[in-house]
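In what follows, structures are represented as structure tokens.
Below, chain A partners chain B and then partners chain C, in two separate complexes.
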Partner chain A sequence: MLILQAERDALLKPLLAVTGIVERRHTLPILSNVLIEKKGAEVGFLATDLEIQITTASTDALPGEDFRLTTSAKKLQDILRAIPDKATVTLEQQDGRLTLKAGKSRFNLQTLPAEDFPLLPVNGTSDAAFSLSQRELKRLIAQVQYAMAVQDIRYYLNGLLMQTEGNQVRLISTDGHRLAFSSAEVEANLPKAEVILPRKTVLELYKLLADSDDPINIEVLANQVRFSFGTTVIISKVVDGKFPDYNRVIPLDNDKIFLIERVTFLHALQRAAILANEKFRGVRLVLKPGAMSILCTNSEQEEAEEELEIGYSGGGLEIGFNINYLLDVLTNLPADTLQLAFGDGSRSALFTIPDNSDFKYIVMPMRI
Partner chain B sequence: MDQLVLDLAPVPLPVFDTFVAERNREVIAALADPGCERFIYLWGEVGSGKTHLLQAWIAHAETLGRSSIYLDAKAERLPDFAREASFIAVDHIDDLDPDDQITLFSIYNSLKDAGTGYLLMAGRKPPMALALRDDLRTRLGWGLVFEVKALSDEDKLAALHAHAAKRQLAVADDVFRYLLTHWRRDLTSLIAMLDMLDRYSLAMRRPITVPLVKNVLQTTRAQP
Partner chain C sequence: MEDDPGRRRLHFHRSPNPLCTQMPADRKIIHIDCDCFYASIEMRDTPAWRGIPLAVGGRPDSRGVIATCNYEARQFGIHSAMSSRRALTLCPRLLIVPPDMARYREASNRIMQIYGDYTSRIEPLSLDEAYLDVTGQPHCRGSATLMAKAIRDRIRQEIGITASAGIAPNKFLAKVASDWNKPDGQKVILPHEIDAFVAALPVGKVPGIGKVTAERMKRMGILTCGDLRQWSLAELLHQFGRFGERLHRLARGEDEREVSVDRVRKSVSVEETYATDLPDLAACLQALPELLERLRERLGRAGNPPFRGIVCKLKFADFTQTTVEQIGSAFDDAHFAQLMQMGFARGEQPVRLLGVGVKLAEEEATIAAQLPLFD
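Coming up: the complex of A and B.
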């Protein structure tokens, strides 16, 4: 029985939006499937890993009967990708099998009953809800997401803290070596609330956000967060745990302060990084009045040295860092000029944007 | 080059709730009860938890909104103004020097005369075995005296688990059992080692496992 006929992209685009979270291996076989549901003219796609659930709908109105089915997300995605982009795809369903035809190609896929597909229950009403443009949220996430921990035993570090208070929304991430903070004003009067978004949710959300002024609505629910934008809805569980008080690690008395052109500093570090030790990634910064030297050496005793002129007149300092931590912040921050503030060789450095309190990056040094 | 780590988690202050009290319920009950004897002396072996109890008692005083002071005779001289506090804790009284013994005796007497204020002291030996001035030693015996009983291995494991949970660390039980058999056995050292493992695992981005503990213990022992 013919159930759907559509141009390839009308199916592939929404499918790709939901399949990013599908795990390759799972104890529940149905979780490697995508739920496709046609209601009226709208075809919806849904995938979940039981922690995150993404739904989206095809924006094209498609004729045909209503249906619900689940089939392998990965295989359907591979097939649709492999057929020509303007091809017309037809789906037929018979005896628990799904047949996909395009031109002279024909694929027969297994299905599992849609009733068996686990859906995340939505937990009540929201504690805090606000919206901002997708571009703005994307920018905020970009400024902090690189500092999230990966598979740390401290679960609360494997994510991003989202804090709301009044008209402020703050995002904070840390892996214990460095901490990134970004904040923005929104048009809302929000209660004081905070949730830790899991790493996977943050990366998936970031991938799906468009560089557009279209809004995204964010709702904090009990142990859940819901993001709605366009026809897409992401529901995610949050990390159970208490995020550390980031205020206690912001250094306030660093007195070796100067401004630096972001791109100049970034390029110098990128060149020096070629000869940084592959395992430890150490870089030494040497400050003196008027100049900062950047030094890298590797295990073969090869050396790179860069010198930058800076408007600095304070005392001398030699301090070591993991060069990747410096490259991360310089790559992801859309500012022309940065302010750097150092204390001594064993205390954290503070990176900020001049005359702007919406961004902070705190990085601990390496002992030289 | 060693990566240094951010000081994200404050060291949790000792409170009664985090004291594993299986064998010391009476002590906790006496310390938490304001109607109880005003002069208490705790004694017990190193690592039995006396310092924890003294500091928890101070924290308890603060929740009651009372002025309090914790004095460590091993680390500092006893200041005379200490008598102005309502809750006075004096730790390690075995180490009081002669002048401080006089100060403590005088604090004791002024509290006794004033009829208010609480004094909690701790040492390694029962009052009569302390090498202190006779007058001070007898006063210690006049109040309530408790022996803080050492923790059993199971108590220590429970305390380590509780400490790890407070720091939101996921650590398997075998790590703690390994520590108990391969590291100093008193709880103070065990907790200090857990804090060190916490920092080390954060710096190295490695989970806290038995191989990691072996590694840390080796380098710790190698240093004098």
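Coming up: the complex of A and C.
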């Protein structure tokens, strides 16, 4: 029985929006499937890993019968990707099998009953709700997501803290060595609330956000967060844990302060990094009035040295860092100029944007 | 956190040797280890403990396990890795003394020096145990048998304890042979004897075949390596997974592994295959404290090296396995329990083997130290 006819992209685009979270191997076989549901003119796609659930719909009105089925997300995606982009795709369903035809190609796929597909229960009313443009949220996430921990035993660091208070929304991430903070004003009067978004949710959300002024609505529920934008809805569980108090680690009395061109600093570090120790990635910064030197050596005793002119007249300092922690912040910030504030060689450094309190990056040194 | 099929053996990972040199046609490998090393050192230093059942290990009231015991204790069925409490049930007059690693290490250094007088190609396996490749060495007119004898004599004279050795053309056979005339003995397997020796070798003597696998083989009618030879490579692969390939070779007395001199220990771990599969997560968590105690004991023996991560390994009833690891340098039982829970969730079926371990920190890590934001 023919159930759907559509141009390839009308199916592939929404499918790709949901399949990013599908686990390759899962104990529950149906979780490697995508749920496709046609109701009236709309075709919806849904995938989940039981922590995150993404739904989206095709924006084109598509003719055909109403149906619900699940089939392998990966195989369907691979097939649709492999056929020509303007090809017309037809879907037929018979005896629990799905047949996809395009031109002279024909694929017969297994399905599993849609009733068996696990859906995340939606938890009641929201503690806080607000919206901002997709571009703005994307910018905020870009400034902090690189500092999230990866597989840390302190599981609450493997994610991003989202705080709301009044008209402020703050995002904070840390892996215990460095911490990134970004904040923005929204048009709302929000209660004081905070949740930790899992790392996977953050990365998936970031991938799906468009550089557009279209809004995204964010709702903080009991132990879930819901993001709605366009026809897409992401529901994610939140991490149950206590995020460290970031205010405690912001250094307030760093007195060795100067401005630096972000791109100049970035390029100098990138060159020096070629000879940084491959395992420890150490870099030494040597500060003196008027100049900062960047020094890297590797295990073969090779050396790189860069010198940057800076408007600095304070005392001398030599301090070591993991060069990746510096490259991360310089790569991900859109600002032209940064302010750097150092204390001594064993205390954290503070990176900010001049005349802007919406971004902070704190990084601990490395003893080299 | 993917399964890494290359990480089947959780025990001592070794650095790959990129320059695999051509193997000489007939190598001379000695596997040597001291007889109940820790217990022997204790009996040497306290002669009153000779002749009575003696074990070195943890206290029975604190989940301690036996590290080593002497031959008198073994007659009661006591063996290493057994809980001290169980050992005392088997032999109430067993004397359990706490390990004194400093003394063992001192003896170990001197033993390794003796090994070094005969070859530079030494692969230490523990404080007292090592493979020595003596191919082409000039000592004792080139006789590996005489070299093994000489080494054992010197250990007796200079250290005051006994050792046993196996001499064979490869590591597998040398290891099996060193057990043959234990304690205080040695056995040679000459190239022309390999075929008959291996054919008659009970599978339980093959390193890597534990009690559970041996039992399974018995049900398949496999008692000796000779029986094992009747099975094709494909059948063995089907039955035993990747281990099947190695079994196929071992059954023919083949083992091409080199004595690797530059082996770097990258992890320390312990594992246990259970006679009956653990049915659920609760059973796994219940088995955890004993494993952790053994791991602590083994870490202590290695001098409590700094580590950078912890690992849990689970092999399920269907022989699939998974490892879960996390970064961290603290030995916290709760963290292991958490990993075990995550690992179990991947299989949701009975578990036949559990392993716990730590990944050792690279040595240089102490030179460059990243300071933490939060204390």
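By our rule, the second predicted complex is superposed on the first by the 368 of 368 C-alpha atoms of A that agree within 3 Å, B and C clash if a C-alpha of one lies under 4 Å from a C-alpha of the other, contacts with A are read in each partner's own complex, and residues count from 1 in each chain.
The criterion applied here is as follows: contacts are C-beta pairs under 8 Å (C-beta built on N, C-alpha and C of every residue); 3 or more make two chains touch, one makes a residue touch a chain.
Model, not experiment: these values are computed from the prediction.
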>> Following the superposition defined at the top, how do chain B and chain C come out on chain A, clash or fit?
In response: clash
>> Going by the contact rule set out at the top, does A:K242 touch chain B (first), chain C (second), both, or neither?
In response: first
>> According to the stated criteria, A:T27 is in contact with first (chain B), second (chain C), both, or neither; which is it?
In response: second
> After lining up the shared chain so the two structures overlap, which partner does A:G230 touch, if you call chain B first and chain C second: first, second, both or neither?
Replying inline: neither
>> Looking at A:P215, would you say it contacts chain B, chain C, both, or neither? Reply first, second, both or neither.
In response: neither
>> After the superposition on A, what does A:M366 contact: first (chain B), second (chain C), both or neither?
In response: both
>> Tell me the contact category for A:P251 with respect to chain B and chain C: first, second, both or neither.
In response: neither
>> Counting clashing C-alpha atoms after the superposition, which of 56-64, 110-118, 326-334 or 344-352 on chain C is the one that bumps into chain B?
In response: 326-334
> What part of chain A is shared between its chain B contacts and its chain C contacts?
Replying inline: 152-153, 174, 176-179, 244, 249, 277, 280, 282, 320, 322, 346, 348, 362, 364-368
> Once bound in the complex, which stretches of chain B touch chain A?
Replying inline: 1-10, 168-171, 201-203, 205, 207-208
> Can you list the residues on chain A that touch chain B in the complex?
Replying inline: 149-150, 152-156, 174-179, 241-242, 244-245, 248-249, 277, 280, 282, 320, 322, 346, 348, 362, 364-368
> For chain C, which residues are in contact with chain A within the complex?
Replying inline: 1, 310, 325-328, 330, 335, 345-348, 362, 364-365, 367-374
>> For the complex, give me every residue of chain A touching chain C.
In response: 27, 151-153, 174, 176-179, 244, 249, 277, 279-280, 282, 299, 320, 322, 346, 348, 362, 364-368
